[in-house]
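One chain, chain A, links the two complexes that follow: it is found with chain B in the first and with chain C in the second.
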Partner chain A sequence: MKRKSPISFKNLAGILYVGFFLAFLFVPLIVMILFSFNSSPRLSFPIHSLSLSWYRALIDDELFLDAFRRTLFLGLGTAIASGIIGLLAALGLVRLKLRVRTIAMGLAAVPLAFPALLYAIALAFFFNKIGVGFSLWTTLLGHVILTMPFVFLIVGSALERFQFSMLEAARDLGAGPFHAFRTITLPHILPAVVGAMLLAMAISADEFVVAFFTAGQAKTLPMLLYGRLNLGITPALNAVGVVLLVVTTLLAALAARSTRFQVER
Partner chain B sequence: MSIEFSQPALVRIRNWRWLGPWLQLSPAAIIYAIFFVAPVAILVTYSFYTFREYNFDSDLTFANYKYALTNEVFRTLFLRTIKIATIVSALVVLLAYPFAWILTFVLPKHRQILYFLVVLSLFGGYLVRIYAWRTMLGREGLINTTLVSIGLIDEPVRFLLNSQYAIVVVMVNFLLPLGVLPIYNAMQNVSPKLIDAARDLGSGPGHILRRIVIPLTMRGVVTAVAFSFIATAAEWVTPLLVGGTGDQMVGNEISYQFGTAINWPLGAALAITLIVAVIAFVGFIFGLLRLVIK
Partner chain C sequence: MITSQERSGAAIGVEEVSRIFGSTRAVDGVTLRIREGEFFSLLGPSGCGKTTLLRILAGFETPDKGRVFLRGEDITMVQPHRRDVNTVFQSYELFPHLSVAENVAYGLKLRKVPRHEREERVRAMLELVGVSNLGERRVNELSGGQQQRIALARALVNRPAVVLLDEPLSALDVKLRKRMQLELKAIHQQVGTTFVYVTHDQEEALFLSDRIAIMSNGKLEQVGTPEEVYESPATSFVADFVGSLNDFVVTIASVNGEVTDAQSSPGDVLRIPTLTGRSPGTAVRIVVRPERILINEVSTNSIDNRIVGKVDEVIYLGPVMHVYVTTASIGRILVHQFSRAAQIPTVGDDVFISWPIDASIIFKIESTK
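Coming up: the complex of A and B.
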């Protein structure tokens, strides 16, 4: 099946479809980025002049800065807790029988498929019932539940490729379990662990529903965006949206790079 | 240490192996038991509580379920929710399938970068995306002002925002990458050699698609449908922010009962009904697809 001309009708149609598809995915985000640099408050084309005034306004916005700090704290806390607990679980799981592993993988997928709204309400019920007030900490627990399956599945699949004979060789040569883990296992799975933790942070930074129901007055960046959205659309919101977008996309891109590095080894 | 060193490796491994993995799994298991299983169990018990004068006590009753299932308003909400979720899942599959097909068979050289772009768009933000669509679809929004300025329409059209169209557009936009992932991954199992062989034996494109590609990618399609359906059925931010007053979904009613109305037992009963309805519907689709394929 050889084709002479590199651009056949089929290829052209394919390129057009892919182009429209990606445009549909990215146009809303590109529009928002463009208008965040628009000096006029009108949200319509053409854009006459560019300015950074909307961003400059954010630097003096105490509510925005507080929300930004909270989102950062929440993301870091989620990544660290999910990373450690998920890594431990994945290390334990890989040494169990295949049937147990299959069941555990299936159980780990349940929170991923569970509707976020219903989980958020259930968690709010729960904290209310045990008498714990809503704060950033209650949201942190919710985010750990939402992100740990990803760490577990990503690190788990990295461990499947790991040669356990190397570990046993090290142990036979007299290395203690912690020494062997630190020098043999960890370096092999570290890219996957770091990637999974970055992914957890990206998910946490973008997560709105659980935060909305369990964070109380500790407003995160998505909650701030939601609150101001209800007040009406202003061009200042574009800048908030772009900051959030840059944070999550950067984390996700780094996560993808880190885990891809693992696959290529 | 010296004792352990003198033991044969196998005995030493056997000594800790049976307990070690379970110890390592236990923090995750405990956290899930407390902060996932227990909250969902409490949600279920609340749905049987009695609501009296803005308070609820533990007199167990089916009244909440009876109300949730028989009330006209709720029935309308459930039917609308299922309609929107069905349209969204169908559109996601119909749009994502050709995309995955083109990446795999038409533009295989560029599939890595194109796939990466789709995955990246997944992190384009949930609220950010809803917000961006609001700026585009509004009466003074980008689409209307552009259409007016090029003379295609005389005055801004209203149905773009605060309508079910808007809900469908935003949900499809949000779920499309999630639909591409499982379908694309399933399509990697379809060997081009198999297709060439079928073609050499005289099969037309329609026949190849129906007899080879679709059966081999069915698992991916089912995953995409299930994901899209579940996510749309329990959605409440999108209808709230881009839907009209008459376009609210079950999720809005649940969050209203939980928030403003403080009738938690009724909210919980609605939530459980929604979960059961979603599971039943997804199970129905699974069964239907299995029948169609065989």
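Coming up: the complex of A and C.
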């Protein structure tokens, strides 16, 4: 148990510091959320009355809805494609020797440190060279490339904790290789797979750079936001931002919950 | 060569089976027939190939040479999940995401046993192994002993032709292990299934088994009942591995009918049973179990061997004592004696040690390795 101690100056300084730190992180978001409910188009305090008018405007905004659908499609597509490819890669990896495994895991982690801009330029150049026009599909490919390492690493580390001798027990009891995988291996790694897929979706949902370079006219939500910014900052932007915030936070929270469940097991 | 008739008499067997890993012959030309309903142990030190042989029976290893038979059928190339054998693994390998009952039902589900019958068999099996109240529990909430029982239930519930057990008690503490040995024996008698049991614990093998195969360096040293391997070990390795022993070399002095006299110090009598082809001057290796030797303070003429010695160490171990006696003829000899015996030797005593002629097991001297 922690011992209660009177708040000394040292403690107070610490609390203040952490307070400022957190405020710095969250105040911009809070301001954005507040103004998205502001009935007045003027972006200044005080806020006189609250309304949902900016959100209502979004529902009527065809451009916004198109962008939202594209982002949704990209997110789901990225999650599914990355999930399958990453899972298969991780399953292949665990069969290899420990040394090879360590090297492969390390290599897979390297692109995580690359700026997305690098991939964006490379992909744009590549698609241009092979004569593939920019579309949502090219962006999907880019997002899959960006998120695959996450799935691979998360599922790979879950598989490292899996006792493969358990599969022998399943085989021994009469399960064929596929049935053993489905009833024993998959339940063990499923939380990690789902968590990794949600994470991939969250990354895709707010990814801007690769989308900007490869989507062409198929504007995603972040691209739409950027475009609107050029027209000036309006409360409508805040509403779009809040939508994006809610979607990504939800996905990240679900992903965290799914993978934590895995660790506790 | 084994005839097909002999094959069909055995529950499971191997014929000239070898398995080579790199440059080591883990299993080296083993032929073995395990009878229906038998409690059969594979005994040997770690690395002797007993676990590899068990894995060949289960189908996790494919022999490089030889064949595997199950009830007369060649199963050498049959996949593990298509063999009518089930294994109790050393580390149990229970499925942590399933309940105890679901673990036990896993094999029955695959065999498409109807739900009602399945539930009944799981319930009966959990009762047989003494954990009928744990069906709904998660396996990681259970103790080692409970997990061991569930692993046994999960194998037995499928009513396989043979149950393979890979050192299932080795992870338990001594007391629990003794209790589980009793229960395992009782369960075997109740279900009547053929058990093939791998262990490195000779006491456990002697206690549990109908027959024991002793392995060393991938080869079979001896197959026999516990009494046979203990009382008449076929090789000095078996004599050494099963039970403790005194081991010394003597030279034959003269052969007198059934009894052979060996050279010894003046005043000592050292006699062994006569074996053909042992002429005076031949050196032989003698093994005598410590519990066959008696310690006397006065010389008696009634017993066949009589060696003078001096007690140099006494170790008290509860019910028995280990007494070490130094002799001129045969070196330092270990004697097991009941702690409650009439005469308790103490260090420095001059004593006679004696044992019956037939208690000496004779081996020819092996060429130096």
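In this text, the second predicted complex is superposed on the first by the 253 of 265 C-alpha atoms of A that agree within 3 Å, B and C clash if a C-alpha of one lies under 4 Å from a C-alpha of the other, contacts with A are read in each partner's own complex, and residues count from 1 in each chain.
As a convention for this text, a contact is a pair of C-beta atoms (placed from the backbone, for glycine too) under 8 Å apart; a residue touches a chain by one contact, two chains touch by 3 or more.
Keep in mind it's a predicted model, so treat the numbers as computed, not measured.
Colleague: Looking at A:163 after the superposition, I want to know if it touches chain B, chain C, both of them or none. Which is it: first, second, both, neither?
Modeller: After superposing on A, A:163 lies in contact with chain C but is clear of chain B.
Colleague: On the A-aligned overlay, A:188 touches which partner chain: chain B = first, chain C = second, or both, or neither?
Modeller: The answer is second: A:188 touches chain C but not chain B.
Colleague: Which partner reaches more residues of chain A, chain B or chain C?
Modeller: It is B that touches the greater number of chain A residues.
Colleague: Does the superposition put A:172 against chain B (first), chain C (second), both, or neither?
Modeller: both
Colleague: After superposition on the shared chain, which partner residues are touched by A:101: those of chain B (first), chain C (second), both, or neither?
Modeller: So A:101 meets neither chain B nor chain C here.
Colleague: Should A:122 be classified as contacting the first partner (chain B), the second (chain C), both, or neither?
Modeller: Only chain B; A:122 stays clear of chain C.
Colleague: Determine where on chain A the residues touched by chain B overlap those touched by chain C, and list them.
Modeller: 168, 171-172, 174, 176
Colleague: In the complex of these two chains, what residues of chain C are touching chain A?
Modeller: Contacts found on chain C: 58-60, 79-82, 85-87, 89, 91, 93-97, 106-107, 110-111, 154-155, 158.
Colleague: Show me the residue ranges of chain A that touch chain C in the complex, using the header's touch definition.
Modeller: Counting only chain A, the residues touching chain C are 163, 165-166, 168-176, 179-180, 183-184, 187-188, 265.
Colleague: Flag every residue of chain A that touches chain B in the complex, lowest number first.
Modeller: On the chain A side, the touching residues are 1, 10-11, 14-15, 17-18, 21-22, 24-29, 31-32, 35, 43-45, 85-86, 88-89, 91-93, 95-96, 104, 111, 113-119, 121-126, 129, 141-142, 144-145, 148, 152, 168, 171-172, 174, 176, 202, 206-209, 213, 222, 225-226, 229, 233, 237-238, 241, 244-245, 248-249, 251-253, 256.
Colleague: Which bits of chain B are touching chain A when the two form their complex?
Modeller: Residues 1, 5, 9, 12-13, 17, 20-25, 27-29, 31-32, 35-36, 38-40, 42-43, 46, 95, 98-99, 102-103, 106-107, 114, 116-136, 138, 140-142, 145-146, 173, 176-177, 196, 199, 226-227, 230-231, 233-237, 241, 251, 254-255, 258, 264, 267-268, 271, 274-275, 278.
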